[in-house]
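Structure below; questions to follow.
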Amino acid sequence: MTVDMSVAIGDLRLRGPVLAASGTFGYGTEVPLLERRALGGMVSKGIFIRPREGTAPPRIAETPAGMLNAIGLQGPGVEALIRDYAPQWAGWDFPILVNINGESASEYGELAARLDGVPGVAGFEINISCPNVEQGGLYFGNDPRAAAAVTDAVRRRTKLPVWVKLTPMVSDIGVIARAVESVGADALCAINTFVGMSIDLNTYGPRLSFRTGGLSGPAIRPLAVHLAHQAARAVRIPVIGIGGITRAEDALEFLVAGCVAVQVGTATFVNPKAIEEVHDGLVSFLESRGFKTLADLPRYLPRD
Amino acid sequence: MTVDMSVAIGDLRLRGPVLAASGTFGYGTEVPLLERRALGGMVSKGIFIRPREGTAPPRIAETPAGMLNAIGLQGPGVEALIRDYAPQWAGWDFPILVNINGESASEYGELAARLDGVPGVAGFEINISCPNVEQGGLYFGNDPRAAAAVTDAVRRRTKLPVWVKLTPMVSDIGVIARAVESVGADALCAINTFVGMSIDLNTYGPRLSFRTGGLSGPAIRPLAVHLAHQAARAVRIPVIGIGGITRAEDALEFLVAGCVAVQVGTATFVNPKAIEEVHDGLVSFLESRGFKTLADLPRYLPRD
Amino acid sequence: MFLLDAPVTAKRQVAQGMFVIAMRAPEIAATVRAGQFVNLGWSGGPLLRRPFSVYRADGEDIEVVLKAVGVGTAQLLEMEGGDRVSCLGPLGRGFEIAGSRVLVISGGLGVAPMPLAARDARSAGARVTWVHGARTAAELCSEADGDEIVWATDDGSRGFHGTAVAAATDAGLVLACGPNRMLAAVAERWPDAQVAVETYMGCGTGVCLGCAVPLALGGYDRACKEGPVYRAAAVNWSALPAHLPYVA
Amino acid sequence: MFLLDAPVTAKRQVAQGMFVIAMRAPEIAATVRAGQFVNLGWSGGPLLRRPFSVYRADGEDIEVVLKAVGVGTAQLLEMEGGDRVSCLGPLGRGFEIAGSRVLVISGGLGVAPMPLAARDARSAGARVTWVHGARTAAELCSEADGDEIVWATDDGSRGFHGTAVAAATDAGLVLACGPNRMLAAVAERWPDAQVAVETYMGCGTGVCLGCAVPLALGGYDRACKEGPVYRAAAVNWSALPAHLPYVA
């Protein structure tokens, strides 16, 4: 018996529910080890219109069952992405979404317009949740009006799928979720990293040069499952779960909690085959429980 | 050489900076193992005016480097506390603060008034951050006006020290911190647990009967250090750091980040002597770095 | 209550997948009462300790019996002689043993607290009948003992074909441990039976309130302090979470 | 790039607190170039892998050299023969070895990538002079080798009294590894030297951008992809975080 693992997210059909998370899989060209068949899709490293240097080192610090990062969205800018990566993506058998960033709503819009129609670009993940940039980033993420404005600016410039990646740094994620749904987001990605800090007892200051960083990894999973669940209850569009997924069981927590798909991030650093193992583990789990399609998995999604 | 570990929090002088966190040390009567000399003070389990049954089991679930709990503030009510515990506390050589809870600002005020002057009660920790109660709890914690109203109601009914325990479930903890400082809080405690969820793949539903629970333990430490640091930068009153402290090095992160003292919670479940080890570890660290008093520890607290 | 750094001293198999681990914990061995438990932690283990009934105590050693049902039990079963376990206990309230005839009923791993109970009962001069049940003959713990032993298996592969409760004949004092559904059946038939229950535990020492046991009269108390042994009729069985996969 | 489940095959001490661990990783042993590294993980270890230069590679085994400086290195040093290490590599760009005279300069654990470098240089027919420095004689790695070996100690307890850089005489190709301040000094004297740097690493495979190395011309690249070997003058040494406590 083979299980049907395909999922539809708006008009986008994925062969599987496990995607590579932005910033943890580069541009998809770096690591040869992973069996691509397991990839439902990939979200590329966050990009701005212009090239960005990123933050000074140290950029990462390990914490219990997690890590802090402050990369500062280092990237070559959109033209280099179109020149160096998109052509390769055009030849791949899974969709690549570009994680787009800007310092103003109109910058997000311009970026989407520039990438719209470029072969290899299947859609957009709007990053309104990066904790590691001075302007923009988080600000757009925890103000419903700003979040909607950014989403709207992108929506007006492209017919491609538009996903919005939410920040956990809000007191009610449902408000932001509904705000971006109302202006035409096709899906929500929950969640980005939590802002954290780690202190170096030799220097009596932060370990990271940026002072704070985004916490990722297994440590945040129970928080991420809750936020993804809250988002899924707040909207009708699909929600993609992200946060601390290392094994199939972890992915299943998000799927049961109401997500249609998941993204795997930090786990890939530890185990370059993590996505493969999560995907294959999902298949065996569904088989062992006698489900024929992923859609048959029972969901816990009380509407109230 | 002996290091002076005492700290002053408002008018309250503690012999050491390590306190037992509310809900993780009961009423101080349960566990005989800990050497009391290491205790700077204790915050008792959260109490309401009336007795509370608490939530149905399961109440706890383990997560990577953390645990979720939904106890629901089970407790005997204030009269039983005054009858059964306060008299014992009156004989102890460290201060006991009572963690007070209510469903309205006036309930908090009544509770403080009832406990004010009771021998054994050294002060109050206002819990406006419990994620595990239907009414009140979190609501008071993430609205500056409500937080200030509760604090004010308590402040008017007692001359004893009033600490306010903040929730991490806010987009800007500084706003809440300033709001409660402005109405006379003597200190802030940062932070309470983060709301999280864990899914049982046998029942396809939440592991906890309350559905969600509060995440505690090492997993949240980098988030807690950041929030305590943000709070310390926002106010002039002392901040007590809480979240994932298991060793002296963990406590030092909070102290360097601007806290005057710390509370140890979950670690006590794992190691009933945790508070002792944190305290003794702090002493050896300060000695090894040649500091004569805890106050000499360099702090990282840029004012901007 | 003691907190000891206890070296593992021995390990043996007592049923299919079921093993006994002995560790040197003198103060606990000297003071533990039947039905009490220890809360075990070890470096490289999960965050929280894991509670286990004390199976036997002789001389300086205590024993626990377990199956691998998850992360922690799997790690415990990988331990070798000399490896160290942090042992917190004895914890909780044990059985109150009295009378001349004692009936012990154990289902699967519910055997755990019973060797101590049987020992105390017999040294108090009582006659002990031990009914031990499991799914199959292979899963029956080989170390059940007493003046009379009755075996019961769900598949009839050994002894009585059916549950341990059905196999039991009346007696004075009834002591039972096993899956909740079994204990609920015990409560029906012997309201005064003393039963040892299990819950998730945060601390094992009474401070976290995580081990709530729903009471028949309403409200909850703590399996780790007032329990884990209860008068069967005192527990609200329908409200006590079931499906503890590891209790075979 | 390979991901192998490598059993530990041997362990030996090469200086005070400094040990070499060998593990069976055939594909990596067969393809690794001097200056490349492996990223190691193991069950029960920290979340992130730990990067280590390949010290030697012969037959099916690779070796790494390390001191216990924290959680991960301490755990690695506790491993015994047969214990398994997940071994990801070979990673990064190694040394470009050419010319007839090669000067190898290593400070403390900076010895790590040099045995392979010396081997390649000599098999390419070059004459190798190896200057190895440490704080004290006891901390000098006993396995430095070459056509000529110069020892240097900060306390003068063996060989040249001073730094390895000061002890070195000019040569054609210069290869260096050690503390940043030492590499900065190398850059002053030999801008074209090839130096192996260290940074914190998230992935080791080029996807996280966590291993940023500040460049003299501005901007950053990745120690794990474009590095860890750089032309000495290409690195902005003042912007590269120093105080790596474990680099003695």
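Letters A, B, C and D name the chains as they come in the text, with residue numbers starting at 1 for each one.
Quick note on the criterion: a contact is a pair of C-beta atoms (placed from the backbone, for glycine too) under 8 Å apart; a residue touches a chain by one contact, two chains touch by 3 or more.
Quick caveat: nothing in here was measured; it's all calculated off a predicted structure.
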Any chain in contact with chain B as well as chain D: A
Greatest separation from chain B - chain, by CA centre: D
Length of the line joining the C-alpha centres of chain C and chain D, rounded to whole Å: 54
CA centroid of chain A to CA centroid of chain C, Å: 46
Length of the line joining the C-alpha centres of chain A and chain D, rounded to whole Å: 35
Geometric centre distance via CA averages, chain B-chain A, whole Å: 34
Residues within chain D bordering two or more other chains: none
For chain B, residues that touch 2 or more chains besides their own: 61, 65-66, 217-218
Pairwise touch network: line, ring, star, complete, or other: line
Chain-to-chain touches, reported pairwise for every pair that qualifies: A-B, A-D, B-C
Interfacial residue positions of chain C with respect to chain B in the complex: 1-3, 41, 46-49, 86, 88, 199-214, 218-220, 225, 239-241, 243, 245
Chain A - residues contacting chain D, complex: 23-26, 30-33, 45, 53-62, 65-67, 69, 71, 74, 202-203, 209, 217-218, 266, 268-273
Touching residues (chain side chain B, partner chain A) in the complex: 61, 63-66, 68, 142, 169-171, 194-199, 201, 204-206, 212-213, 215, 217-223, 225-226, 229, 244, 249, 252-253, 256-257, 285, 297-300
